[in-house]
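Presented sequentially are two complexes of chain A, the first with chain B as partner and the second with chain C.
Then we have the complex of A and B:
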């Protein structure tokens, strides 16, 4: 790529290609318009929609490391939990009263933990990463459990009083404020995440997911990039956790549980990884599936969730994911339109072009 | 002090019997089977049903727990697991978590969510007093049974024809196939045996570990620690890891209850980072 200078026609072509790639497609705009419309369309469903938005944000954070950087995590709830407890504690002791400000602080706190633990996932195989992430989440859960004089332990954190958003909008019983608030946060974070993955930084992630050795050979600082995206992802997960605490005014050990991390993987697998909307679509499907199953069999809905997981794997994640893979492949094309790049750089076929920096990644 | 050591050893031995099946599937066959605890739970509940409800003798209950769990394991291996062997770790994780969720809900549905106990014959209750050290009879029995199993396993793996076939199949599937070894059958039998041992461990340990529907989730991390810390080059690695874990856990809960479980989690992470192949592995290439 050293031949590419600022003035060469190839550079212009590449620049134009990425500019077109980064443009919002009509389907993306439609997606967010529908999300906006849901505020008025389903006023009675705002409570579950709030949960969905939080789950979507959480899934979005996992997608950044799983779909883009290729890090499998079984303990992403760790950061969710850090955000949730942080928010609960600052609200309880009146340290930061304004929710939006608390949200930033919680994201920052989770990001710090993410940064500190990111060095643990740099080494080793997928299996090692699985166990390390799982171990980190377990340790945090154990800490929260042990220091029950601070966290409330198994009873949860009581007496969390959340002030009105921006000092204006008080959280109401029907979740109207909560939903609008969560949806706004989701949108803002989504825009930021979208910007990140469209940037050269995001593209380099695709390269190092495809082949870390080659990525290092073309001058991508692999470890630094992984640390960076892991930190960002942890921060977003923390924001999601903070939202949960703020909208429910409660926080329990459940936020750090293994089930939460496992469910999250399912969400992302249903929606598909590596195009950002996967987490959002997956969250909507998962939440309503869970709601339906929980109404059907209150105590045993987990059985059906498990069955879905097993079936997804047996059928083949890439071929079909619950609903047909074709529909999903189509969705990916619609959302992440990647116009093909004329001659020199070669392949701009669909989402594969994200890894375009590492051609023929065998 | 010695009582703590004794309890720790019996606990560790139990963990070893529970986890040795996983040492083979995860360590040797590289299959991430998070559902291993589900087999242990199945064994425990089978023992509960047979001994408490049907009134069978305790020993027979244990044997049948082993047998039935092995059958379940073998059946699932042939029908489901075999399709997932060659998939990515992520797929294997999702698949086995799915199985865990299903088993948890199913057991909850069938047996209820309360904790269950296996009735131990009165001859095994109480304790000996040797030089002032109280040793529970039942724990002594656990140590004896687990010791026999460990020795048998080691001998079977190293001395028998099946053992060498298994080692060959694990080292290089293609070459093993080329030599006429039925790799699928070897894996299937191994998996069934491992599940059976887990079931036996679950039945034996119902008294010590407790038995309720969330058993697979509760002890998953312990099994994983045994395998990762022990490495997979032999039976001895996981064995020592289990003993260490058992003693460490019991001693930790006894002496520093405030620290609780996170000593062992921390140890696991440190070992994983420091020696990804396991503490006792001797430079295994895979």
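Then we have the complex of A and C:
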């Protein structure tokens, strides 16, 4: 207190807090190193890993609105589907041949649809939002079904020819190019999403999710922020959809299906929301569990996946400290700097907590 | 010119008139207490001023500009901030994040999605200043939800203050604060900068009379009395409807 310095010690603490908040944790770095290593470690698994990366990207997009802005959606496949069909059509008719460029355009197209429909989710409770988002996805699916002369309808969009990525890397049958491509896109989008949630904009989302009344009372334009993040989320979902079309050279009504939206919520239930890695970890668990169960019982795998999910939700709900609670809390701790960090034991700031007040060191 | 003015402000809920033709004006830098018995319409009046409710008739002027049609967040940007009678905080954020959020928002970087929060010294310095002023320095990194009630009450004011308001509305700031933590709270209210106009809604007469240089009494949604504290305290009509024995003793 008595030291005369240029900047107050409190200002230093504040600056340090925010710097620390934004820093990559060792576990985040490890996570991405493992993801990178998977390219060489599991060369025979590239097909399922590609699907996993796409699902992870899709889940990341939902986490942005669900985990950060508190908007629940049961129709996020709408934007996935827009991206998927857009990419299929521009490739089929040779409008945009380079995949990365097509990816951007698809994201933009999905974002436009997201922006247009965002106004529907501004008002109302969670239940209204569930119904509205579900409705939007159903409508888009029926439109795709109705205009089968353009979309191929129930037969799917045929004759999609995807050019090499950047004109250099041709998609192969084993999914090698596809996986590296999808993983790269996932990483780039993740870095952007991470910046977004660390920014003042991202923080304002957390505020308006927690207390919209107060958020408005401190000058945050709540609706404008919700529209913005919903649009961004739709765009990312569109990119995920585009990746699916590009890596499979095919697109069907299934991209707009209810199942796809519902699976996505399950992925986030498994992985947890609000720390960005939930969608990624959830996608890995979901995909490999699905794969394992499908191999075990090709006909009844959905029974088992249903059972597992019921158990997860029950255990998570019944006991606040159930395994999902523990696991999620642990993951969040590892991957995101928890807001309430105990002050560092040694070498702390001089005036802080003098005396025997803090015996909880180790 | 008054900093805040209402002209014939009226709010009806169905058949009930919660605010009934209130016209009043506050000068810059005033310390105005708004009092009235329960159900007098104080909170409705604050909600009208801040834009949470829209009036059925009348106008609100902030610094001479009609703000009646503006949304709550737009009024904040024009320099009017409020606290709430019941804490309205961001439970999952820490005080440091909550204040940082409001400061960033005011500095116009609220929509900035690329820069990390608190990346600029100007912002971190200001967060520290506000934390110091409202005595939150020792709990800055705790989750808001677990703070002692008195600290939450201080944070409630800190968030409004971080909007850098010209007019600050304090809705029962001392409500429910235990005696031991009261002193700290009153001291921060006392220390608010003189150029900030403060409108205090309060039941606690000690606080009202120690703080206000002017008192406005609201009864049944209408303006009942208005004047210097001594005047209002000795107004027999006010005594009759509201203050009762409290001031005689």
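The rule is short, and it goes like this: the second predicted complex is superposed on the first by the 315 of 362 C-alpha atoms of A that agree within 3 Å, B and C clash if a C-alpha of one lies under 4 Å from a C-alpha of the other, contacts with A are read in each partner's own complex, and residues count from 1 in each chain.
Quick note on the criterion: a residue touches a chain if its C-beta (ideal position, glycine included) is under 8 Å from a C-beta of that chain, and two chains touch if they have at least 3 such contacts.
As the structure is a prediction and not an experimental result, all values here were calculated from the model.
In the superposed pair of complexes, A:246 makes contact with neither chain B nor chain C.
When the two structures are aligned on the shared chain, A:218 is found in touch with chain C, with no touch to chain B.
When both complexes are overlaid on chain A, the residue A:151 reaches neither chain B nor chain C.
Shared-chain residue A:123: touches chain B; no touch with chain C. In the superposition on chain A, A:305 makes contact with chain B only, not with chain C. Contact with chain B, but none with chain C, is seen for A:142 once the two complexes are overlaid on the shared chain. Contacts of A:10 after superposition on the shared chain: chain C is touched, whereas chain B is not. Once the two complexes are laid over each other on the shared chain, residue contacts for A:199 go to chain C alone; chain B is not touched. Only residues 26, 30, 32, 80, 83-84, 87-95, 97-106, 108-109, 217, 220-221, 224, 228, 258-262, 265-266, 268-269, 272-273, 276 of chain B touch chain A when the two sit together in their complex. Listed in rising order, the residues of chain C touching chain A in the complex are 50, 52, 71-74, 76-77, 81-82, 84, 88-94, 96-98, 100-102, 104-106, 109-119, 121, 124-125, 127-128, 131-132, 137-138, 140-143, 146, 159-160, 162-163. The part of chain A that touches chain C in the complex is made up of residues 7-8, 10-11, 13-15, 17-19, 21-22, 195-196, 198-204, 206-207, 210-211, 213-222, 224-225, 228, 339-341, 343, 352-353.
Per the touch definition, chain A reaches chain B in the complex via residues 66, 72, 74, 120, 123-128, 130-132, 134-136, 138-139, 142-143, 145-146, 258-259, 262, 265-266, 269, 299-303, 305-314, 317.
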